[in-house]
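In the two complexes that follow, chain A is the common piece, with chain B as its partner first and chain C second.
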Partner chain A sequence: MAGKSGRTISATPQGGIKEKIFSWEGALILLLIAVNIFGAVLSPNYNMTNILRESPRYLAEIFMLFGMAFILVLGDIDISVGSIVCLTATMGCLVSNKGMGVGAVILVCLGVGLLCGMLNGFVATKFTELPTMIITLGTQIIFRGIAEVALGDGGSASMTDIQSIGILRAKVGPVPLSFFIVIICAIIFITVLNKTTFGRKLYAIGSNRTTAYYTGIEVQRIRFFSFSMLGFLAGLCGLFLLASTYGANTTTGNGFEMEVIAMCVFGGIATTGGKGNIIGGFIAAFIIVCLRIAFGQINMNTQLILVIIGVMLIVSVLIPAVTNAINSRKKTKKA
Partner chain B sequence: MKKKVLSVLMCAALAATMLAGCGGSSSSSEGSTGAAGGDTSGKTYAIVTKSAGNPYNEKEAEGFQEVIEAAGGTCIVQNPESATADAQITVIQSLISQGVDSIAIAANDANALASVCQEAMDAGIQVLTLDSDVNSATRKTFCNQAGVQEVGQALIDAVYDIAGGEGQYAILSATSQATNQNAWIEAMKSIQESDEKYSKLELVEVAYGDDEPQKSTDQTQALLQNYPDLKVICAPTTVGISAAAKVLQDQKSSVKLTGLGLPSEMAEYIGADDAHSCPYMFLWNPIDLGKLAGYASIALVDGTITGAAGDTFEAGDMENSPYTLTELADGSGASEIILGPPFQFNPDNIEEWKSIY
Partner chain C sequence: MGEDLILELKGITKIFPGVKALDNVQFQLRRGEVHALMGENGAGKSTFIKTITGVHQPEEGHIYFNGKEVSFKGTKDAQELGIAAVYQHPTSYPELTVTENIFIGHEIMKGGIIQWNEMNKEAEKLLGRLHANFKVTDEVGALTIAQQQMVEIAKALSTNAQVILLDEPTAALTANESQELYRIVDELHEEGVSIIFISHRMEDMYRLAQRVTVFRDSQYIGTYDVDGITEPELIKYMVGREITDMYPKPEVEIGEELFRLDNLSKMGFFKDVSLNVHAGEIVGLTGLVGAGRTETMEAVCGITKADSGKIILEGKELNIRRPKDAMKAGIILLPEDRQKQGLIMNWGLGTNVILPIQDELANNGFINNKKEWEIGKQYLEDVDTKAVTIFDPATSLSGGNQQKVVVAKALVQKNMKLVIMDEPTKGVDVGAKAEIYAIMGDLAKQGYGIILVSSEMAEVLGMSDRIYVMCKGRVTGCLDVEDASQEKILELAMEQSGKEVE
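Entry: the complex of A and B
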């Protein structure tokens, strides 16, 4: 995985400009343009104003993309985020209904999210022999269980005070607040992953955890931090979801974990760790969002949209595998 | 270098979207000026169901579509991917983008949909609800399948009729906190007290089967043992009525049953002879509710009604046409349209309905 100089561990191979355009990210951008043209042809209402107006629900999900990218690069996985979203939204709603202000709601949502993430991180780093898929499967059930107990018999809670949380729905012109948060997160996380030693360490751990450990990288501390970070972002997602639905129920956040993982994988981040880039995941997220909005506007059957996204995901995993196989065959022929 | 290529492409993507936007918005504005007539042609009416695969909702959408298409309008039926408010918000957002003229919603959650409904109203779309309501300030009117008084009246009349005008009857309800059931039972009691006609009827007990088949069965058996002179059981809940129907029919009891039930579950118990436990029962007709929502949508869009209590509109060939908007009982000043008395399922029509829902 180390570059030729031995100094850097690059996520993408060094190469000429041609390779850059034909890189996965380049292909994704072309696809994003294609999807937008496609959307504009399909629907007369597919324009910036409408996309921005429809986007907040999807943007909340994209918050988690950044944390999930870290986890996947580490070679771990976290399938409990959907439940964390449900639990944070539930707790936020209950706190609000106790008569506390929007500040308390924000604190509770982010705090509960962070705690859930820390619990995941704690178990994952203390019991390193357990696969994180199983750990987070367990916590997924636990978090949703706690939320269901808190929600009580009806399985649903609604906010009585819907005014104060309105500040989270604020817009600058047509641009929703969550859009700025996504952009800020993107800048921070992309810089951290690509430009800092911390980011390099993530790739090192994901490539070979044992080697990384012996080179002095504090593997478990970094994993704990990453899980906590993702929990925090899930809390942020729960908070914004609460601000748009004014309540929580037992189905809140259902399937979010898989949608977020799908965005990452579609963006070229390998679930086996050590490979991929947040930029790819970020563009992939927008492709999926634009597709859903475009298909929604032509009133396509919602189940069919899910099928199309599923097919795209499988194709996106197949293409690199196939091209790798072809490339390696070429190389062996040359040799 | 790589970054530069990426950012150039990103800008191109954004520019493409913007351009697409310009093209799109101009064509949609042409569309709306062209349709500035008073009739339904060129207008688009949407209905949002609770979720895909809900047969009751599908019937509502069917009735809605029939009315809209007969009037020459364009109908959009949207089934959200899951029965959640979140999925409905996504669908409604999309309908706002399309600039439809009206949206009729069978709400999954009253509060969660409030902001998106308000947004739709702010965009000039006529928002109404059917089947289950949203926060009443964020929609124009609500097509109510079951006015409390109408249900209470139908049930007490059925008890009166089946009991032969006098004798003991019992109620088998859902849970003791169930809002709907409690309101209907209260309405039955108050109608019975207010009219001399029902004075020979005696309500001996309100039993609660908690909408669980086994508990409803046990409660029915307890009623039969405790009140040997019982004539009629009235179960205003679909679970309770089917459990009670089975008990009465299996024991060949002389006690008769009525209430609110699903035709598909109750078909084998409905009959006029002694071999069947239920002479007739009630529920709403989802097709009619959909039709009512369709007529109400058209009336809201062409300005016949504004959603204020007291407005009236014609609803084609529907039985109770013309309909009048009435004020909600909660004092909010918001309106609702009551479909009418619940629909009676009897031996003559049960065969036709049992396959529908």
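Entry: the complex of A and C
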């Protein structure tokens, strides 16, 4: 090849264990430990058994974290998942009340979730110039609207046969089934995002969609897949929510989308795309869950919990910005 | 000193974290002269310009304006003295009108109320002086780059600038538009305005400047009279070594037909484009900006889809619906805009290079770091990228080196048969340019077919075997390089100006 000047370029990666400890994820783990100590001090009932007993309704929400992380890394957003949860729980409940078995309920919940996600993905990839925030705002209203129509005048439905889907409430010792699903999802999704070429394609699309497209990455297929996957996980969330609350109403899943996005952002995933890691989001999710359980045990006002989580979210976004500013100031001073 | 200097800088040193961007640099601007500032990317020209306009404050050195020492704490100080800069990518506000852009920051006010009529009249006067062909009420975003530059120049004039800095003013202009800019610079020169301009084009310098100052590696090399310096000499000063042959076109045995387009059409963009490329052949594709060259090539590469026509590679018709189809077939595009289309700027160089083949390097979908790093390193070295590690972000490189990474990204694709290079040397300095031409020549020697899409005549004439010229979406002619000349190409490029694409 031409232009050889004998210059060599190093291919040895820099950075070691120090960077790992001082990373955002490292800080989050410390925070998780702090929150748990804080919980134990705050409430005498804050122990493993109680946490595990109260966790199922929070764990279901974490399913969606993994799908949402993909969507955010892509540079997209999906604010319809709360409504998908509502719609799937509603449909599952109605099917169960028609006398159908657990298999049908599972199938309906997951199927409806997947269909909703595919609809989001279809619109987002066919009309690429539309911001996904607006698309999913539209479908958010549509999905909840359908659920409300199905729920009818009362606005709520209760399962007549709560035993039929009892299997979803199964536990291994004190550990609920949903906990295992979260762990399995975490392993799969973290591996896919960090270790596979598919994961890197997500980052490529989120970092520079045009370059990704020019490089031969199937941008729209991957976006469609990711929206569908998130819909499916929202269906899974709806299913487990139904199993732990024995019904659905018009407020089921309200605000879930924002909480899931908050977990991701708190975990270091940028809403602008291309940055962040599910590991951070995963730890952040547990921080929020532990906080909620701790505050719940001392009967703190739920609205106040929201305020605290909101403050934490803003601080978490501020910290990197502030440290960056300080670092660059230091650099200029040195020079 | 006997000379009448309007601006003089002495012993300027500017340090950024870890780099000396300017090292004891000097510069003298005579009143009323046009002075070219040349050097490779990263030589310190931009930093220097920003020192003059008050964006950067130097660590050491003195600035004299009209013989008096001055110091700029910010851009405002420089503006008040009458120093204005026009940048390559106009920094204007696209949603605002021409008048608003010209007077932004120094609106004509009476009692706190903006005097629109007065400002419009003033703006009209300025545009008249530049012989502009647009209205002061036009939105700037709707104007061409050349017209936007005129707005910037008008803005500079509106502040009664005595010194105007032009930063690569012709880089984004077509040949015609460049002529127009030359005329404007000539007129300003006659009016006695002192002008500093940065350009990579030798043509600009010979046409406009009286003197030229060269920087290399953050250092001042010298100031020369344009009349007394030859092109090879100047290149030697800029690059620090002699470039014997700017266009190293190798003798290549032209092979069989490799690629052919039959009446490729896309409504509103191009119509009935037919051309062919042989193995080992470099085919130039030129024309004015907006002639449909890039659009045609994008259809060939699956970025967009043509309405009708045939794309034939090695005798087989291809059905290309998306970029991946073209890449699989062996048609590789080096896109025009390396920052937006070619690279992921905040990613490491190595990952950028191997991105097209990451699936092939992977073990069942799992990233194989070792293999990737090895191949990334190998190809980055092959194209001689100026980088320390393969993990450096693409943003840390100069334009020319970024382009080399784009080339490496194409070369890793082993099944490559046809390479389409869209403006491969745009904004690239002379040293890197020569290296890219050398790579191009090598590829031809290895039997690849090459389509060189370019607006730069010298490059098209210097590197091509045959030259296709497009005008308004149609191919208006094909010239063998022996018969081609700048005049003939321009004639074809502007032919049938009445006909439009249906």
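We adopt the following convention: the second predicted complex is superposed on the first by the 314 of 335 C-alpha atoms of A that agree within 3 Å, B and C clash if a C-alpha of one lies under 4 Å from a C-alpha of the other, contacts with A are read in each partner's own complex, and residues count from 1 in each chain.
The rule is simple: a residue touches a chain if its C-beta (ideal position, glycine included) is under 8 Å from a C-beta of that chain, and two chains touch if they have at least 3 such contacts.
Everything numeric in this text was worked out from a predicted model, so none of it was measured.
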Which superposed partner A:Ser244 touches (first chain B, second chain C, both, neither): first
Chain B versus chain C as contact partner of A:Ile293, first or second or both or neither: first
Partner chain in contact with A:Arg200 - chain B first, chain C second, else both or neither: second
More chain A residues in contact [chain B versus chain C]: B
Touched partner set for A:Val149, first chain B, second chain C, both or neither: neither
Which of chain B and chain C A:Ile326 touches, first, second, both or neither: neither
Partner chain in contact with A:Val172 - chain B first, chain C second, else both or neither: neither
Common interface positions of chain A, toward chain B and toward chain C: 12
Touching residues (chain side chain C, partner chain A) in the complex: 15-18, 248, 303, 322-324, 327, 333, 335, 340-347, 349-351, 355-356, 358-359, 362, 365-367, 373-374, 376-377, 380-391, 409, 435, 438-439, 441-442
Footprint of chain B on chain A - complex, ascending: 12, 17, 20-21, 23, 25-26, 29-30, 32-33, 36-37, 39-40, 43-51, 53-54, 57, 156, 158-159, 162, 169, 241, 244-247, 249, 251-252, 254, 279, 292-293, 296-297, 299, 301-303, 305-306
Residue numbers on chain A that touch chain C, as the complex places them: 1-5, 7-14, 195-198, 200, 204, 207-208, 210-218, 274, 331-332, 334-335
Chain B to chain A touching residues, read off their complex: 1-2, 5-6, 9-10, 12-13, 16-25, 27-28, 31, 52, 76, 78-87, 89-91, 93-94, 96-99, 109-112, 114-115, 119
